[in-house]
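Next come the structures, one after another.
In what follows, subunit A forms one complex with subunit B and a second complex with subunit C.
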Partner chain A sequence: MSSLQFALELIFTGLCVGAVYSLIAHGFNITFWTTKVVNFGHGPFIMFCSMIVLSFLMKGLPWIVSIPIGFAIIVIIGLILERVSVRPLLKYPTSMGWIVSTLGVGLFLQALASKIWGAQALAFPPFIFEATDYVSIFGIRLSAQYLLVLVMALVIMMLMEMVMNKTIWGKAMKAVAHDPNFARVMGIKSKIVITLSFMISAFLAGVAGILIAPIYGTITPEFGMNIMVLGFVAAVLGGIGSSKGALFGGLLLGVIEKLVGGYISTSAEHGVAFLILIIILALKPDGFFGVKVVQKV
Partner chain B sequence: MTKLNSFKRLTDSSVTKFALFLIFAFVPFVFAENDVQLFIFWGINILLAQSINLLSGFAGQISLGHAAFYAIGAYTSAVLMTKFGLSLVVTVLLAALLNALVGYLLSFPAGRVKEFYLAMMTLGFGFIIQEVAKEWSSVTGGVMGLSGIPSPQLGTFTFLGIPTGLAYYYWIVLVIVACFLWMFKNFVQSYLGRSFLAVHRSELSAASIGISPKYIKQLAYTLSALMAGVAGALYAHLMGYIGSNSFGMMQSIEILVMGILGGFGTIIGPILGAGFLTFIPNKLQFIQEYQLMIYALLLVLSFLIIPQGFAGLFKLRTSLFKTFKSKQKSWESSSSIVTKREISDIEVNSTDHPLLSTSGVIKDFSGLRALNGISIELFRGEILGLIGPNGSGKSTLVNLISGIYSVTDGEIYFENQKITNEQSHLIANRGIIRTFQDPHNVDNMTVRENLLLGNHRLYRSGILSCTFNLKRSLDEEQKMLEKIDRILGLSELTEYADEQVGNLPYGIQRIVEVARAILAEPKILLLDEPAAGLSETELKLLIRLVRFVKNKGVPVVLIDHHMEFVASLVDRVVVLDSGGEIYSGDMRGMKQNKQVIEAYLGVAKHA
Partner chain C sequence: MKKFSVLVLGIILLFVTACSNSAISTSKNTKSNPDDGSNKETETIKIGMTSAVTGPYSEYGEGNKRGVELAIEKWNENGGINGKKIEVEILDDQLVPDKAANNIQQLLADPEIVAIIGPAGSGPGLATVPITEAKGMVHMNIVPQTIEVTYPNGTDQAPRKNVFSFALQNDVEANVLGEFAGEHWEKVGLLHESTAYGKSGMDLIANILEKDFNKKPVAREEYNQGVSDMTSQLSKIKNAGAEVVVVVGLGADLANIKKGMDRLGLDVPLVATNGALSLPYLEGAGDLVLGTIGSMIGALGKDPLSPEAQEFADAYKEKYGVDRYWGNDENNPQLFMSLNVANAYDGANVLFEALKNAESTKSEDIIKALESIQDFKGVNATYSFSETKHHAISEEALDLFEYVKEGDKIKLAPYKK
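Let's turn to the complex of A and B:
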């Protein structure tokens, strides 16, 4: 295999993994728009949904049944999170309350998952394609599973974008994001929109979980927290609150990670991502597409 | 009330503390080995809990990766002892210093971000350090961990050449923890400790009284990391083995729970929190099984049910200043001295040169021009009224002078020096002190403590002097407290002195903020709508305070809509409209000025 081929393959796998990071970043963005809240339980949501789906699959249920059940459960958990950890704590001036509380919900799910399914890694079966299936383009072997993840992640993000821009709910959400009080005056039920945003965010976490699990091959109760920080890096890289930024940041992070993994060391992959987080926050906290916030006195 | 006071006096007295220390010293004679070990863990956890308390509870910088500091301390001390055979005294010291360095370096990226960005960054920092511990196997032993560390439990530990058992190790830990708590208390009750809380409440308002938020955060990270490092070193030698699994995210969360559950921002709280998390899981077996879930639930619920933790539940508040036994002089006698000095001040200061001047100052907010070439001059001893309709740029001008906004174009001079776009805490330290449209006090501090914050820029003693209660710092604190008493009397706040500002009526809060600004001994005082929402009596009080400042020869810039109030004080007014100056001169002339009437005062038939 030529070195160019090697590099292209790394970039391809980077894009696929990165697409999932983008989905996670989108999940952060949606609640950030409506409440300026970032759900610190997002990672365990990702893990929990894939765990539920896996456990139903192992009971012999088909994909087509298991996945909707997983989504339904995670969306309900998203609703509970908003009621318990966000709504009562938004009135405090500091963010420490909801950060700690949403993190608590996430850790609870993580502990619950270890109780139910054990702390060891569980094998997650490949989805639709076999792990060995591949497509060959210009002599580069692209794993069919990876390609599927990339395409699905992109399609879901496009759908989300359409929902946000074309439907009345999407417009309501943007209005609440812009000014919740004004939106209420205009007859938009801000509270429902906020709740909805947390449910959609949880749904996106679920999607990310089901897409990333076949790529990882095995899942553990802890994998959610790690990947959540990666998704956050993607969101920050692109600029929190920007859809374009989430897509770009996720793909960029995925590619950087895989290149580091391929040329330096696979164990350095995640470490580099965390380093990027610290550097980007220190140098340009509003990311590439973020909007600078004017300090109000 | 009296019961509470006597209880407080009892717990504050050094005799009680010494007695407690002695009782704890007897622990190894009374309890079995297992329990002694638990007490040692409590000590280590107290250091950890106070470490995060200093960073998150006092300075308001959330940390979700605190186990990273703990890990660095543990590995440093373990490696130094096993590979180089150094004594515990040296390894603990080096571990603490290395950690302080790491904390200091982390403060640079971390100091630039806030809230959830910071939370995520510290989470990532925790992951990085754990990854390093896992991968750098030549030093840390990788996933296998580091074993063979001299440990009192295995009888392999020596301290100063003497073989040391668990009981001796317990005493070492006890002395270290007691020393740290003593230093922690001294530090928190100094001007530095108070400035931590000021930065926590609002970096903006902290800077407005001369506190550098950047410096405070550096200090917070450095000291917090240092304490966690000592805890890590003590842990490594207690266990005799450390592995990267001991320093994962769950450890960070445990540290956080200790602080939150105990009560951030107090001294006793984290001690209780650490005790709770040390003894309860160990004594109740079923808790051990569901430990993680219970911690998670504590995180979810503690903010909802007991937002101030155990300390809040039992109403245990740590006062933020040092009390002195000697009775202070009554303020009447000293205020007469003040008046004498004021008179001489005016004579010395009367010159024709402006103290502050702006020339052609322009401020754009992304396309919107808020100020269009404003030039004003401010002379010693005068009160300048700045008036105009809402949105005319009055507050913007004050924000530019105090360095909160950056100037788009034009210059600002103070005492013949250019101060354009200087950082706001530096401007405050030059003596330009301001108040805000809504009071920017620290709500969970008492009136007295808030007023002490005003004095911040006058303190000269260093960190060590504050931490070790050296005479210099004690004298200084006492002097400042006397000044506070004087102003308390002048502003009729004495009866509220020891109440938390957040619980007081709005009008009182405003007076507190003005009094705080006066205590900063300003060379220029900028008051942004101080009269808004004040009652008639409070208004009179405010007028008295402003006159007090003027009598000292200090010029005041006064923004307000209350025309009678403005008229009763000002020597000169400048009227702004849509970012431009439309009038400058005395009050009488303003009332007849056509442009002013149209833009602001209103025409008779409309009224």
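Let's turn to the complex of A and C:
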């Protein structure tokens, strides 16, 4: 294998792995737009939805039935999360209580999953592609499932950009984000917009879950929490609240990880994300695509 | 409102504290007279146990619990130890070292407890042995593979007086894998998880390759447990021209390694520690497992099973049926049971045998009786201990197994070159 091919292999794989982070970062963005809340329950949502889908699959139901049930349940949980752990806190705009409350819901889901399905790894069957399916690009074999995630991350980014910039919903979301009370005065049902944003975010967690779980092959109650952290780093790197940023941040993080693994040391590969987080928070806290928010008090 | 919140918080805290150290006391005491309990001490023999009964590693804790309970049932049905029924108190540590240490303190505070069956996992193992050692309490080490649990200064030095190990020690597994790789391949690629288990195990293997075969591994890479992609590690190993990949790791990660090898076209054999024989590997990698070679205690792979293994298998099947621990094959228990159920069963049986022979519940007497155990036939091995040898599983008990296809089914068969 030539050194160029090795480098390309690392970069392409990095893009694929990064797509997973992007997909998660997109989920963070939606709730951030409407409430400035980062839902730290997002990771366990990913896990919980894939667990529900898996349990219906194991009961012999086909994908086409299991997936809608899983999505319906996770969307309802998203609604509950908003009602229970976010809405009561929005009364205090300066409160950071949502960090604890959303994380709390996440930990609760994690514990609930251990109770229902046990704490051990459960095998997740292949979805759409087999685990061994690959696509050859410039002689480099890329996992088809990873590419599917990459395509999905791109599609979601484009959809979001479109919704935010071209539709009345996007404008409503922006208005709510800017000032929920004023938006209400203008006739926008702020509460419904906020609730919907959490439900859409939960839906995205579900999409991420069933696409990512087959890559890991097995899922445990901790599954979502681990990747959520990396998704969060991706969101911060790209600029939280920006769809382009989510995509770019995720892909960049993936590529950096793989390059560090390939050229420096594989033991440094996983720690590098946190180094990036520290650096970006210190030097460019708004990320690459984030907009500097000036708040009048 | 504020008072109300404080009250609710108080109640929650109380609830959490009450739940956090739930003891699972499995009293095997027969329906003894509910008298004042004054002669209870003479009626029962009580042992204590802490293990990962719940949590992500409950496969070991729950398995160990079942093993110990099966042994207790067997002994109690036959009249107990010198007429005394056996009782066990099991605490849950979820494989968290601090919790395990607390549990041990709690168990040691009970004057009725005469011996401890130790936790699963090297972390909790290392956290608890100093406590039992300081008290001189007999400590049966079941799962932790790290040598230091039993031999703090290496296997050529004296073991801890109170610790007797039924675990598959790191050095034993490394010897078998290192010798095997050294004998069969010139260019060996090494890959291990970044835990103490992975690092220390791989150090031992690399050492054997260098010392016994004068071979330097062409690549040595590591990964974090639970990571989804190992392209950089595997690409480097492939670039180095490895003819075999030797892995120290757990089943779920091995599945990802194998999938990555397949995708990258790294078409060389995969040789791995006992995780290769676990269900998560088979479930995660599917057909790709074919050809993978793993090391494991061979007892449950024998055909026919030894009388002791057969007795254990029958007892397990009768009580629990064909479940996750038993494995997919209805007629034969899976090999992995040697590492999560049979090891605890053996440990408990040997302990009870020693208690019987000692005719005493004093720690020194039990230790003496344990050290005099010779050729005691268990499920995993035939056990002999001495003052200098406190571990039971040696290289002879280990075999190499390979996944082969038989008709439509994937099976594990003893490795044949």
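Methods note: the second predicted complex is superposed on the first by the 281 of 297 C-alpha atoms of A that agree within 3 Å, B and C clash if a C-alpha of one lies under 4 Å from a C-alpha of the other, contacts with A are read in each partner's own complex, and residues count from 1 in each chain.
One rule holds for everything that comes next: a residue touches a chain if its C-beta (ideal position, glycine included) is under 8 Å from a C-beta of that chain, and two chains touch if they have at least 3 such contacts.
Small disclaimer: the values here were computed from a predicted structure and weren't measured.
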Side-by-side fit of subunit B and subunit C on subunit A, or clash: clash
First (subunit B), second (subunit C), both or neither touched by A:I64: neither
Touching partner for A:L10 - first (subunit B), second (subunit C), both, neither: second
Subunit B versus subunit C as contact partner of A:N226, first or second or both or neither: both
First, second, both or neither for A:H270, with subunit B first and subunit C second: both
Partner chain(s) touched by A:I99 [first = subunit B, second = subunit C, both, neither]: first
First (subunit B), second (subunit C), both or neither touched by A:I168: neither
Subunit B/subunit C common contact set on subunit A: 114, 226, 267, 270
Residue ranges of subunit B touching subunit A (in the complex, touch as defined): 56, 60, 62, 64, 108-109, 112-113, 115-117, 119-121, 123-125, 127-128, 131-132, 134-135, 204, 249, 253, 256, 260, 290, 292-293, 295-304, 307, 365-366, 395, 399, 404-405, 436-437
Residue ranges of subunit A in contact with subunit C within the complex: 1, 6, 9-10, 13, 16-17, 20, 114, 118-121, 123, 131-132, 134, 141-143, 146, 212, 215-218, 220-223, 226-227, 258, 261-262, 266-267, 269-270
Touching residues (chain side subunit C, partner subunit A) in the complex: 54-59, 194, 221-224, 226-229, 231-233, 235-236, 238-239, 251-252, 255-256, 259, 262-265, 280, 283-286, 288, 324
In the complex, subunit A residues that touch subunit B: 37-38, 40, 84-85, 88-89, 92, 94-97, 99-101, 103-108, 110-112, 114-115, 225-226, 229, 232-233, 236, 267-268, 270-271, 274-275, 277-279, 281-282, 285, 294-295, 297
